[in-house]
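Here the structure comes first, spelled out in structure tokens, and everything after it is commentary.
Chain nomenclature is as follows: A, B, C, D, E and F, assigned in order of appearance, with residue numbering initiated at 1 for each chain independently.
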């Protein structure tokens, strides 16, 4: 993803989250907070937590969640080797049904690498 | 969704269902009938049944099914507060992996509200 | 389930939850609170919310969650007709793969009815 | 499974299905009929259909459904080689998360083979 | 799908697989080999294996996988009647949540039939 | 789990895997090898990989897989704090439907801790 595409992904996310917050009550807001807290640096480094979120998203086959964690992994300094090993676990656990999502995961990663070079 | 978009959603659904009926045998036709009957008003009001279909669709994370039941809920007179409480249950049961679908559920609902106002 | 069996189910649940709380940090505790709050009476009656939890549990095929919501539905005054209609929606949405869980759902319900009579 | 165990599996199934039928309305009964019809000999032989049901059950990871289709495959004359190839597809599609169910599938098959020999 | 569309589907697949191979290590490559081998003609005919892959993809609700196996089934000489019976099993096992995928499955099949005629 | 229980869990696993190997062809054997290789120490430490396997197993809700990775995490030197943070991510991603499995995960961990002390 070019920096622009990342920006677009984030903007759409923001816009939709605003609609969620417009209708969402206390429970949904608390869930959102929780969803942010569990990835905070702790006994496990933030980098490891992003990889956990990524692999969970791959085996549950959610493209939006995968893309989000791919960006987070990239910003947390995950290397291509580390990413590949995590995704390989997700592939073996989740099976060939996860392959279309694996493809899009590596595509997003590849775009982030390209954006970094240019 | 503007009334036009709802119309488009229904038209595409109709067109594809015609292809299903072109190839589908007795079992598929019976399944379609069954899929319609279980939402009929009964001991439970139709409104409650649409909410059941919506939450089931959210935790199973099917965007098309969610959009369909959002429209049905809207037409059955579900209020924004009722919808929010049902979706909050779906979010807590189904987890953060359901959030991208929750966003699109509220987006569709918001469009229906806007269409009603204009 | 006889009253005794319900008691046993609850006791085992309590014991295991104590182990969760022994190790669980703030996030897990907050999740548990959230998991309780979303079923509170609100714009939707508590009875409807238990049915939503039940159908979500059926389509996601979790026996423990089904049994828990069956008991909650029973205590919230759900009738056999209402329960049947909700489970029929879960069956049609979730497919025949849900049948073994549907069987155990009705078995638990039948035991609760028997306990009430004796 | 010894013939006795198969019998026990069927008896428990029967007993629970009777409870389902005690509470179940027309929709549930129609679903049960449908669930039987789709496996009838047709353009595809019944043997192939049982293998389709088995692989679907494996990737969705339902032990009761797997055991049921293992017995049906056995009675339809599926060979060990055919069964292995079908389960291998299920394993690759469904991933390592299916392995515990794969183990129990082969265990049931092995017991059926043993029962046939004795 | 017109022949052109099939070609496009394959090209995109190829391009993304090249990105996977660019980053993927030995495990991912071995998985890809395995994912190809299990569909080879064996004790079960290749045609049956493609149907097994198709039904597994339908109940797991992966559109890309469904489209891929629909094309493979078409090229393996599966008839419309055989395809319908296999998809009916997938629908009954997987439930109404699979209907949007069933629609797209038949749509792809219908396009392949049209391409064959023209 | 006392050392004895761990031993029993492993023995049953071994026995069933022997049955898999008795019937399993090359593809299944290769899958088993792959399933072992992806957890080998690499760019990511073995400890991190076991946590990835654990969280994937939790969100996919497979008790056998969870127990296996809990033991592996224990032997790889994962601390209670690290385990808790990983499981909290799994809970938030996977939702309340994962709670029964979370309970059993902590129960197994608690038994391992107890075994270590005695």
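Please note the rule applied: contacts are C-beta pairs under 8 Å (C-beta built on N, C-alpha and C of every residue); 3 or more make two chains touch, one makes a residue touch a chain.
These figures come from a predicted structure and were not determined experimentally.
Asker: Taking contact as defined at the start, I'd like the list of chains shared as neighbours by subunit A and subunit D.
Answerer: Intersection of subunit A and subunit D contact lists gives B, C, E, F.
Asker: Return the chains shared as contacts by subunit A and subunit E, ordered by label.
Answerer: Shared contacts of subunit A and subunit E: B, C, D, F.
Asker: Between subunit F and subunit E, is it the same set of residue numbers doing the touching on each side, over half shared, or a different set?
Answerer: same
Asker: Centroid from C-alpha atoms only, then distance subunit A to subunit C, rounded to Å. What do you get?
Answerer: For subunit A versus subunit C, the centre distance works out to 32 Å.
Asker: Compute the distance, rounded to whole Å, between the mean C-alpha positions of subunit A and subunit B.
Answerer: Averaging C-alpha atoms per chain gives centres 27 Å apart.
Asker: CA centre of subunit A versus CA centre of subunit F: separation in Å?
Answerer: Roughly 23 Å separates the two chain centres.
Asker: Note the residues in subunit C that touch 2 or more other chains, in rising order.
Answerer: Where subunit C meets two or more other chains at a single residue, that happens at 27, 31, 34-35, 38, 56-57, 59-60, 65, 84-85, 88, 91-94, 96-97.
Asker: In the complex, go through subunit D and note every residue touching subunit E.
Answerer: 34-35, 38-39, 42-44, 48-49, 51-53, 55-57, 59-60, 65, 79, 81-82, 84-86, 88-90, 92-94
Asker: For subunit F, which residues count as touching subunit C in their complex?
Answerer: 61, 80-81, 83-85, 87-88, 91-92, 96-97, 99-100, 102-104, 106-107, 109-110
Asker: For a test of understanding, state which residues of subunit E touch subunit A in their complex under the given definition.
Answerer: 13, 16-17, 19-20, 22-25, 27-28, 31, 35, 56-57, 60, 62, 64-65
Asker: Can you name the residues of subunit B that touch subunit F in the complex?
Answerer: 59, 91-98
Asker: Within the complex, which stretch of subunit B touches subunit D?
Answerer: The touching residues are 26-27, 30-31, 34, 37-38.
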